[in-house]
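Look at the two complexes coming up: chain A is in both, with chain B in one and chain C in the other.
The block that comes next holds the complex of A and B.
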């Protein structure tokens, strides 16, 4: 489009507002095609009605804002248990905030929408779009500017320095990345055969007996288990316990929180036929079987026990493990059987572990095949 | 405007202009023409949700303690009395029960996160199905794909670090997926968690990623995204005056800015209402994370549903390479989502290679006018939808009393069969809609009114939008890409009886 002659100051002073706007639009390549008068102000009655609507909404917004502030400041907020007086009021606090907030902000938004729809002109503007690449003039001059910079600084000619310099910059970048990542790197196999991925809290330390302790929800409570404590078809979640930990709340709690530790101790109905997996023939004690609770797919507790089908089900991705076939996966995404803990009964009649799991516990990983012992 | 206000405004404007020479730019930007269409709001919808996320998130961060240290709860919330929990989870309980509007703001933040991702998905669908990603807007599209991926990751980080019984399982699954990476999986896991799952540093790392690293990337990408849209001007639907070298719409000031701000305020109001009356992520009901415990109905936020669905459907294919193992979750936990996002990112290039269309496009296409693309989009959405539904197999199984083994097989087979079927069906629908539009333009809108000719033949009265010639034959119009009105009342020339067509 052609650029109009630059008007002088006095000329501009003489122009009306709409002439100035037109001038601006000419400069910006814009044409206003339709500029319909506001639909809501076409006749005095409609205009009055719309004005009233907006005013009403704004007043409503202010009232709701007041209610919000009131609720926020004066409504009782503390937790009140069910049954106690004030429980309902406690439950209403957050909904009350939401509703008054909605009133305050929503009425404001609605007022804005009503105002815009009824009083703004119905505008259709067309703007010219500068398409494609820059003008030839700009392309040539820009290219020349950079070429000249290369020539004047000599980087264009001195190839060795240029390459070394760029390599240097690259190396500095790599150094930065190295430092950023280097500190995070830890060797998972530092402990060799005792690496965390091969061992669990059931690993015997110093020859001390490792008991099966029931998790009751109270970390200080110590419930060791005798075979007769578990009913046929019963299931108990157990974690390792050593007598040296008695009274040590932190150690007791840590045993419950270690993700590798949870074990499902189950008692099959007497006489249940079990097809043992290879190398697992003598890990159980009578009808008592102890399987890791950690799903071999991605580590969720695979602890939904269907006694009818004798299947463990993982609630995360629905892997199923058949107990009477050595906790072999029979459906779903898990590929490995649940590891089995070797158990027996000590002289006092308590169930104890005869060692750590023979197989790695938890999700599979690249090196897992090297760890079965 | 009062005299004082006018004087102050004028003085400020003068002061700014003397320093920044801003008048020309201000005029140009205020007159920036923005096309009007309701579907253009989805991007702003996501943007305003993000703004709510930033503001509410900064406030929540004043109360959240990113610490795995175990403490015993002694606060007012009775069901948790005496329970051991991380300080992180403890601080969430404190925020929910002892801070004014604490629960309200937590729920506002969570709902805003859900709407943020939902808005991005809708916005991206609109851009896909109308071809808005075509040259010269490939970079905008790429930025959008990155925003979607980052937004999902950001949401996951956010709900994970609360360390409740539900999110703990999500962290466990993330840990398992890291471990499943061939060659470097265990090293990767040790780098992220600082040791074996779950260690004592993961919450602070998730926290700094959630409140700083990812938001910084999001802000940078959003800035680039909107900057590009503004600089290159918004695309427009075909219509009167809409050409490749024009933008038809309304000026930023006052029309566009007023409308978008008003819509944004309404969105904020709805978010507030949802935060107040719709409970979301009630972590005080789940309890703290304990490795041996689990609840049923393990459902993540909706945007992670396709991931969990994939994990449920993928068969147990462990690949053994000598002494080494490639665990099954690797393919579906990491490769599949990366592949899905890579395909999304590459789509503009793939379409260009497929169609040979290298031109720049300012005018959008209606989905029906590019049946192949629309079919491909339907295929992608179907694939995603089946993964999403499979993420809820346990809920579906329990609600409708269907064995979930059946659902898993349905999902596996559906994933292979339904997307191509969706492609074929949607493509046919598009072609049918095209024909219906052409029919109206060439022969007129069907009125449903029958007339009997003297020779006893029944004819349907048509109203051609282009009018009729002197012999009463419709004057055909060319299809220009714009919406064609199929309603009889909307067409101009009600020449009853004069323009007819034989009933076959």
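The block that comes next holds the complex of A and C.
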């Protein structure tokens, strides 16, 4: 590129705007390849039409924005049940916000695009750029400037202060990271054999009887189960209950909400043959079997009880657990049988748990082979 | 005195006339037309031997590879299976799906109801089992829809979907949609646990709770659950998300093409 002559002050003042632009292009190594006028710029009718279009879109955007603010402030937001007057207006609230907001933003964007496409010239410019690193001269001077700054401020000479300062900065950074991340670190094995991954709400505490309580949708309602409450081929979802929790709404609610508590109590038809898994021969009570509802794959409720095939099906990934083979997985990604709860009947005829699940409930984890429980 | 006596006699005559006329004109209380007792059981046996015997056997013992025994299934199971058209099967298979019931068992006709009752009485007489409720129609619809909804979500939704749109089961089968089920059919299904469905005894879900569940099903299937206009099968967020993804992506590609196009 040829270096243009440096213009003087008075010369610059005399240059027109387009001459100044050209000068700038030359100094920056920019070359205009094509500079077509906008399409149809010679046709005044077309130009008028495009101008009208942009104006219309901008007005539309403003109107929609106003409508959005109006709907947001004044449209009734309370719930109206089906059939009551105002139900349709209630249904329209969210769509109305969406439509007006989309109208405001969409019309503004469309106006910009239409403007650019109808009035901007079709210009292609090419700029010449150097390849590779900066010139040797520039690199040497930059490095020298940096070193000079270190020498002037004394950091270069005072090694002790420099090192202490850098170490301090590092410690502060590590501390900040620890504060941010440390809150996320928990030791799940703190309780040893009683660690949460090994135990559930069915674990006996202080020798108190743990009853099977039906979930009825009302956390304050306490329905204990007797064997005769369930017909053959029947199924009830139960959670643990202790008499000391009677009247304690929070404890009752917590027992229902705990993710590893739900148990499917089923009664097989009389005479059903069950091939028990090892160590599971005496967990059931007659034809009554209690299995964890939590799928051993990823923890969905595997609660689709198919009484014809005698399987539990998990709706998330179609794992199937064969009930007559000890809830062994026979299809799908689950790899472990559903844990079985040991049950029996107490002196008053209520079904009770004889202890916690012998196997850990829910999805498998790295330490599962340790089996410290 | 005679005047008052005459008045009294007139009133008496008028009372006799009105009372006698009422007794003559107003019909006696409707007598149950369906037979009861042994006649009904015999009629049911005749129906059974025409429609069911080839798969379920001459003594309800079932036939290997064709159909299960029916001893102890109860007339609730009969009502559900036959009134929904699942039985008799259209062809030999191990599963029945809802279809129009045979005309002789159509629960919308008096004859059909009588035949269903007779067939049920015959099955009931051989081994007992859960029975069809005495109430019918609106009497089976509970008043606490919200409680019914709770119970439905706890006991039914895992298979039938939370608005009764059906779902999937193992082995290529599926729990039915509840769109066409009548209160009697829902009630007897809960009692008898047809096909793959578990049994919900009256001690597990009381009759009142069953009625509330029925009220909930009728309530959710009756209302417009799709304010957006398209139901997309009413299957929930997966279907809606897929449509939003596909339609939205195509629309975005179209907009990008329009922005980039040279006019």
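Operating definition for what follows: the second predicted complex is superposed on the first by the 316 of 373 C-alpha atoms of A that agree within 3 Å, B and C clash if a C-alpha of one lies under 4 Å from a C-alpha of the other, contacts with A are read in each partner's own complex, and residues count from 1 in each chain.
Everything below uses one rule, namely that contacts are C-beta pairs under 8 Å (C-beta built on N, C-alpha and C of every residue); 3 or more make two chains touch, one makes a residue touch a chain.
All figures in this text were calculated on a predicted structure; none of them were measured in a lab.
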Notebook entry, point to check: For the three-chain model obtained by superposing on chain A, do chain B and chain C clash or fit?
Noted result: fit
Next item on the list: Go through the superposed model and pick first if A:358 touches only chain B, second if only chain C, both, or neither.
Entry: neither
Item checked: Touched partner set for A:317, first chain B, second chain C, both or neither -> first
Margin query: According to the stated criteria, A:215 is in contact with first (chain B), second (chain C), both, or neither; which is it?
Written below: both
Notebook entry, point to check: Once the shared chain is lined up, is A:227 touching chain B (first), chain C (second), both, or neither of them?
Noted result: neither
Next item on the list: Once the structures are superposed on A, label A:97 by its partner contacts, choosing first (chain B), second (chain C), both or neither.
Entry: first
Check: When the two structures are overlaid on chain A, which partner does A:237 contact: first (chain B), second (chain C), both, or neither?
Finding: both
Note to self: One more residue to check, A:301. First (chain B), second (chain C), both or neither?
What the structure shows: both
Next item on the list: Applying the touch criterion given at the start, work out whether A:113 contacts chain B, chain C, both or neither, answering first, second, both or neither.
Entry: both
Next item on the list: Name the contact category of A:333: first (chain B only), second (chain C only), both, or neither.
Entry: first
Next item on the list: Counting touched residues of chain A, say whether chain B or chain C comes out ahead.
Entry: B
Margin query: Can you report the least C-alpha distance between chain B and chain C in the superposed arrangement, rounded to whole Å?
Written below: 5
Note to self: Identify the residues of chain A that lie in both the chain B contact region and the chain C contact region.
What the structure shows: 95, 113, 215, 217, 237, 301, 303-304, 315, 318, 331
Check: Which of the residues in chain A come into contact with chain B in the complex?
Finding: 24-25, 27-28, 30, 33, 72-73, 77-79, 81, 93-99, 101-102, 104-106, 108-110, 112-113, 116, 120, 123-129, 131-132, 181, 184-189, 196-197, 215, 217, 219, 237, 239, 253, 256-262, 293-294, 297-301, 303-304, 315-319, 329, 331-336, 362-370
Checklist line | Complex interface listing, chain A residues touching chain C | finding: 39, 82, 91-92, 95, 113, 117-118, 122, 214-218, 228-237, 266, 301, 303-309, 311, 313, 315, 318, 320, 331
Notebook entry, point to check: Along chain C, where are the residues that touch chain A in the complex?
Noted result: 130, 147, 150-151, 153-155, 158-159, 167-171, 193, 195-201, 203-204, 223-224, 227-228, 258-259, 262-263
Item checked: chain A-facing residues of chain B, complex -> 27-28, 31-33, 70, 75-78, 83-84, 97-98, 100-101, 103-104, 107, 169, 172-173, 175-177, 179-187, 189-192, 194-198, 233, 241, 244-251, 254-255, 258-259, 261-266, 268-270, 272-277, 290-298, 308, 311-318, 320, 322-329, 333, 360, 362, 393-394, 404-405, 408
